[in-house]
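So that you can tell them apart, the chains are marked A, B, C, D and E in the order they are listed, and the count of residues begins at 1 in each.
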Amino acid sequence: MRKRLYRVLVALIGALMVLMVGSTVAAQATETPPPDATAIQVTLQDEANKDAQGNPKPIEGVTLVVTKDGDKVGEGVTDAKGVAIIEVEELGKHVVSLDEKSLPSGTVLDENTKNEATVQVRFQGPNNRAIFPIGVTAGEQSSFGKDLAQNLRAGIVFALVLCLAALGFSLIFGTTGLSNFAHGELLTFGALMAWTFDQLFKTGGLATVSVILAGIIAVVLGGVGGYVQDKVLWGPLRRRGTGLIAMMIVSIGLSIFLRYLYQYFYSSSTRSVSQYSGQQREEHWYYLGLAFADREAITVLISIVTITVVCLWLAKSRMGKAMRAVSDNPALAASSGLRVDGVITNAWVIGAALTALSGVLYALTLQVNVFMGMRILLVIFAAVTLGGLGTIWGSLVGSLVIGLVYELGPLFGVPTSIKEVGPLLIMIVILLVRPQGILGRKERLG
Amino acid sequence: MTSTDADKFRETHQREAEGAVLRADGLIAGYLPGVNILNDTDLYCQPGELVGIIGPNGAGKSTLLKALFGLVKIHEGSVRLEGEDITGKRADELVSRGIGFVPQTNNVFPSLTIEENLQMGCYQAPKKFTERFDFVTAIFPALGERRKQRAGGLSGGERQMVAMGRALMMEPSVLLLDEPSAGLSPVMQDEVFVQTRKINKAGVSVVMVEQNARRCLQICDRGYVLDQGRNAYTGPGRELADDPKVVELYLGTLGAKD
Amino acid sequence: GGETASEEPEKKAAAKGDGTLTIGQLLPQTGSLAFLGPPEFAGVKLAIQDINAAGGVLGKDVVPVLADSGDTTSAIAPTEADKLLSAKSDVIIGTASSGVSMTVIDKIMSANTVMFSPANTSTEFDEGDYAKPDLYFRTAPSDILQGAVMANLLLEDKRTNVAILARQDAYGETLAEEVKANLEGAGSKVATTAYYSEDASSYSAQINEIAGSGADAVVVIAFEETKKLIPQLISAGVGPAKLPTYFVDGNLSDYSADFGKGELTGVKGTLPGAETAGDFKDQLLKVDPKLKDYSYSAESYDATIVSALAAIKADSDAGEAIAKEIVDITTGGEKCETYTDCSKLLEDGKDIDYDGKSGPIELGETGSPTAASIGIYQYNDKGTYAPVKYIAGEV
Amino acid sequence: MDILDILRAALQQALGPQAIVFVLAAIGLNIHFGYTGLLNFGQAGFVAAGAYGMAVTVVTFDAPFWIGVLMAIVAPLVLAVILGVPTLRLRADYLAIVTIAAAEVLRFVFGAVETKDTFGGSNGLNGYAKPFQEANPFSSGLDLGIVSFGRNDLWSLTVGWALVALCCLLVWALMRSPWGRVLRSIREDEDAVRSLGKNVFAYKMQALALGGVIGGLGGLFLALKQASVVPSDYSTLMTFYAFAALLLGGAGRVMGPVIGAFVFWFLIAGLGSFFSQSAGDGGWIPEVIMTDTQASLIRYIMLGLAIMLLMIFRPQGIIGDRREIAIDGR
Amino acid sequence: MTDQTKTDTAQTGPAGLVGVSTEPGAKKPDPILVADSITRTFGGLTAVDVEHVEIQRGAITALIGPNGAGKTTFFNLLTGFDQPNTGSWSLEGKSLKGVAPYKVARLGMVRTFQLTKVLAKLTVIENMRLGATGQKGERIWAAPFKFLWGKQEDEVTNKADELLARFMLDKKREDFAGSLSGGQRKLLEMARALMVDPEVVMLDEPMAGVNPALKQSLLGHVKSLRDEGRTVLFVEHDMDMVRDISDWVIVMAQGKIVAEGTPESVMADQRVIDAYLGAHHDTDLSELDEARLEAEVEAEIAQEEDSK
């Protein structure tokens, strides 16, 4: 149906053209090709010369010659609308050349527009097009400085979100010595919960604060998840004296388990939360010369506050010291009267909540997908290791370095398609110079 | 030890252990299923008593202390604190009941500073920290001078001081010490023994394992000789130190004053 | 069957001509293309229903076996293919993603099983080793065509400086290259081509590259990542509202649940395949009432029917025998459009030319369509799309 | 529900070529991790080096097949040296991260558009396996009743299991020797070994190279039986699965990887077949609870669970030594 | 260095130490190990600052000093496990600067660790076998072929068994080293070092935690090492042992060498007594003034109650 309509339309246009072009035009052009005939269509217009409605001025009377394998197979002249339709017999490669002499005076092809275009004729109808841009002003290309600012902003946002997750990882690693390969799934959990509750709230009376509310619930649930995990799985394992390597494998198992469980219930599709995703960036004086979307600014703010609070708490509080003590030597910690299990549970709850928060914030920028955690896990590892395993400040520094290198790398020659290589290489290089990580310490010997 | 010996031993133990603050009866314990390290070991400590344990390497001395403190699985027998059964209780519960423990190895938190290590000692009573800290640094001035240093970088002897200091922080009513003098310089060793005696005089019951057997037996009220997980000899410290059998088998003649 | 190869008669005899035509389906249930799985599964299911309703193949009902092709990151396709092969599949309809197909094509072909993709559009399946007429076929046209249509569409809209954001795989790379080649040949420019890897954890660098390129349009060649890319493009000030945006078959989908509020208004997209006839849609909906997209459902239907007809013609359900007849079924001979008609003609010993739901399929030397229609679609403010026109062309 | 079918699917997979790749990768890991204590999380990188060593040589550089095979051994060796010289000084957990990063870097580089001319981009390379397929001495497949293998698979399997047997023999011979003792000592405490006058670095390098080459053989095998190399095959998931296989079987045991990989694939395929039979049309699980798609997922859920449970109840692995586990350094 | 090459027997071993000056850094007639101006700092702390020291060949030298004096660190530096900030040192005239620890060990200088380093998941006998040097089977190409190294392995095992018996570890032969008690680990560590047949044995507190009776019998073994012409350098806080077996004593304090001499002379040195040995080190603690102790305790208690 539609097809037919379209053909009628093309025929009408063709007829109109015949009327307008008149008899002065060369022979070939006067014969309007049948609408279904295979033809090359060229439209010429002067972009630099726009009328009141902003439509560029058509360029009329320009001669176009079509050749195939060097033989001329057709010729056309643009009409009042700047359009020329040149019928061709065969399919295949044709060259359309524009006769520059026939251009109206004052109109010239600029230096990077050739007067020849190659068209692979494949389609029925006048659907095989060529173009000769005239008077086109290229869109403004960004400068290095601007790129730097853009990528810096992306790096900062990414680094801070990463940092929350890395902090969570460090906290758990720091108290239990466990390299938790299921850490990515904790992050996914946060994002999924945020999405789920957002779905609940987004239509009700709470719609205006839907995502915020859902985010808060997700973080709380993340903490609860950490608690449950520790009580049900890791606690009993510790009590049976399971070794760290075995625990690490358990965590690999857990990550596979959780990832597919999520997928079982949420399928693998990417989902968006109901608010904030389409915000545009703006430059305000308080963004220090960078452009942030509001959600990004809030993300940065929340991250910085959370990170500061957690770090101070860990450095100063008794619980923070207790966590390090447990990590050093659980048996001795118990002998000192620490409730080792309690301390570890604490680490799990806070670590998991932090990671869930990271997931929520990550979801604001990159939507919700059951694999999001898995994909970022290696980056988290890199950040934590780079800073120095188990040191809290280290994971902070590590995340910043990794996040920035990740986004800035492409500016310095890393191909964007493999930009994840940048931070990994940097990490390798840094570890070679400082095998214990940026902030790690060498152990005493003997 | 013949079975009649064992019976006699058990009998005396039963009689004398009455009213002990800490007592273990017929402990059978070990690390791996099927391999017992302690084979029917008895021990008691009266309030305010200083009990020493000596014996060859691998006899099970450390295991015995760990068993008392709930760090080794006890297959049979019981541990009682002031008459109450504490077998299998968690370590932190025991700490809150007033038992302190200094392990033989791995006895500091390497990534914590000296001060934080000591803080861990009075984890359950943080208010007492300043007071106890002054007390401990008076005994080991080196610790006070280096309070901000990470324990991981300390020398062997310095670690031992931290470990001892940590136990002193908690003001326990029963103190279990596993070779507290190992690795310390002679003057520090003496200091440890004197201090232990002093703490003990102040009313703390102490059970200490020592390889510096002669010194240990000099200060303790009563000593046990442990061999292959069993009590081989027991008696007042001085008596044991002079017992020719004990000297021959466990003390050696090196350094003995004749 | 028809002309079985005479050099190795023994081996051929051992081929699994067990009498039952088993059609495996290696299509995405999970992964980044899962949203296009349902129409394809539905297409095959409908075809098998039609075939069996018309009496099956070689006197027996066609047996379907399902498997999940996942995506390239999950890398489950090879094991799933094994599952299909050990279930004695004679023809495997799949996979959808060209990248995934690359990981299983050799495995399936070396098992002497037909691999018939309804959706692979990468140009690589007509190149090098795969140029031979062997066991790989597809009903989707090569992106030589879609690339040209996209380029033409851009030219029609007077885009002279185009940015391309493409996924890095067999599909994204070749389609991007085709679009670029056609555009540049025809006189337009390509400002930049930014590739991203499927398992990237951030796209900012690519987005910034697009945003900073000064392009007057952007072509997004992506699968499900589109849902992540669009909000980021919007943030960067180059969202569909600011910068004309073009989609392709990999992301032309119903986004009403993801982007409402006019975020996609005016976005155009291309999708191989002729206009879906109304009753075909209804039939599909009967098979799977939850369908929202219809991409490649007709191609899946046709691939299944063609395989069944080839089996009839070969008088064997062995993969190799079927493969020999497939091209023939779609070219030269008496035209027919339904399975019932075609199978009757075949039984009468006639040479047929099957024209299916996806258009007048003509498979060429390399086992790919030589001509096809490509639809051009446009999004409305609800995040759903409707056709604008269809362009027929030759590869 | 057809129990026999499930068993068939499971066995087919557990004995099949896929399992062999993982057995070889896991044998390599066993040398690294099980014996020497090198936490190599980049085994996929070595496997990839083997596969690409072969494919690039033959396809990109047009060299004869046997040179390709040679390169499949040389490439992981070179990788081991490049990786080893700087990283073997690192602490175990740092080594893990560096190796995993190196493997990912390799995979990204192999798949990049920019290196397409050499490595074939994300489609990888193919068209090098002809000589291997032509060398197939079997004229028909093998049907053992419960499992059956096609002619091509049978050839792959013969070569593959022969390789596995050879590697196992080598590992067994090596690990009972003083050389193996040094490796195991390094696993426990490098400094102690150093103090006894052993060149720890050299031993670690030898172990890394040997394990890498065996992993590379896995890659070579994968490349040959699949007739194509694609970067996405060599993701970290491969390393994780190989590790899981190794620890399921028992690290530090000669037969650990073999048994582990067998069980691993048996589980995956068996569970997969069980649930795909149970769900969907004609299954006993109603569509509301489990759709076809979900049925294809549940085996991974179960697999995760199985790995966890096995590690919880047999932390030493199926044939590991309980006593060793009881001694924990920490 | 010339007088080193024309060593004459009278100068070697303990005999050569007679009459050597007791100044710190005194020259020895036949030094096997010489160190010059070695310093090592940790942050602001100078752990080792040794100007000059010589260790006499074939003698038993004890290194004593308060906790944290820098003894272990000095060991680490000499054996290449740690790098000094400045200084040079040599073994038999060969500079060891920058030489890797394993090479130092191969040159014949083997050390033990104060915090023991047993190979936990190897059996005791395997720990011992590892110590042996020059094993053919430790080369990768020879390793798969047992006939190449089987005989040597038996020899190594015999030697190991002898040592184990001596160190009272024979009952533990097949147990994992990780299951040994603290003292047993010390013993194993020492026994394993002896498997290397080293020219210079450096023991870091070998007897801490070893039962006195066993210690006594082991001292005999150490002496026999000297009688075989080997050099022993050990750190120890056990004065009985130092007095019993050492030919020469070097005292370190705060990183510096503060005194040297024969055991008798050093232990009589008032500075050493003050800083290290303590006033009561030869008295029986039970003879301490119990009354004084009690008074002190009571005073403290009273003070505490006041403050409440």
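Some notes on this structure:
One rule holds in what follows: a residue touches a chain if its C-beta (ideal position, glycine included) is under 8 Å from a C-beta of that chain, and two chains touch if they have at least 3 such contacts.
The shown structure was predicted, so the numbers you read here are calculated from the model rather than taken from an experiment.
Between chain A and chain C, the least number of touching-chain steps is 1.
Steps from chain B to chain E, taking the shortest chain of touch contacts, total 1. The interface holding more C-beta pairs in contact, when A-B is weighed against D-E, is D-E. Here the chain at the heart of the shown protein, by mean C-alpha position, is D. Look at the CA centroids: the one farthest from the centroid of chain D belongs to B. Chain A and chain E have CA centres that are 61 Å apart.
Chain B and chain C have centres, each the mean of its CA atoms, that are 77 Å apart. Per-chain CA centroids place chain D at a distance of 46 Å from chain E. Taking the mean of the C-alpha atoms as each chain's centre, chain C and chain D sit 33 Å apart. Shared interface positions of chain B, i.e. residues touching 2 or more other chains, are given as 31-32, 153-154.
Those residues of chain D in touch with two or more other chains are numbered 108, 111-113, 191, 293, 297, 323, 326. Among the residues of chain A, those in touch with two or more other chains are 263, 267, 415, 417-418, 420, 445.
Put simply, chain A touches chain B in their complex at residues 318, 321-322, 324-325, 327-329, 331-340, 390, 441, 443-444. By the touch rule above, chain C contacts chain D in their complex via residues 10-11, 14, 29-30, 34, 37, 66-68, 72-73, 75, 78-80, 82-83, 86, 99, 102-103, 105-107, 110-111, 124, 128-129, 168-170, 173, 195, 197, 199. Against chain C, the residues of chain D that register as touching in their complex are 8-9, 12-13, 16, 18, 108, 111-113, 116, 121-124, 126-127, 129, 133, 139-141, 150-152, 226-228, 230, 232-233, 235, 237, 268-269, 272-273, 276, 280, 292-293, 296-297.
Contact residues on chain A toward chain D in their complex (touch as defined above): 177, 179, 181, 233, 237, 240-247, 249-250, 252-261, 263-264, 267, 378, 381-382, 385, 389, 415, 417-418, 420-421, 424-425, 427-428, 431-432, 435-437, 445. For chain D in complex with chain A, the residues that touch the partner chain are 86-87, 89-91, 93-94, 96-98, 100-102, 104-105, 108-109, 111-114, 191, 236, 240, 243-244, 247, 251, 293-294, 297-298, 300-301, 303-308, 311-312, 315, 325-326, 328, 330.
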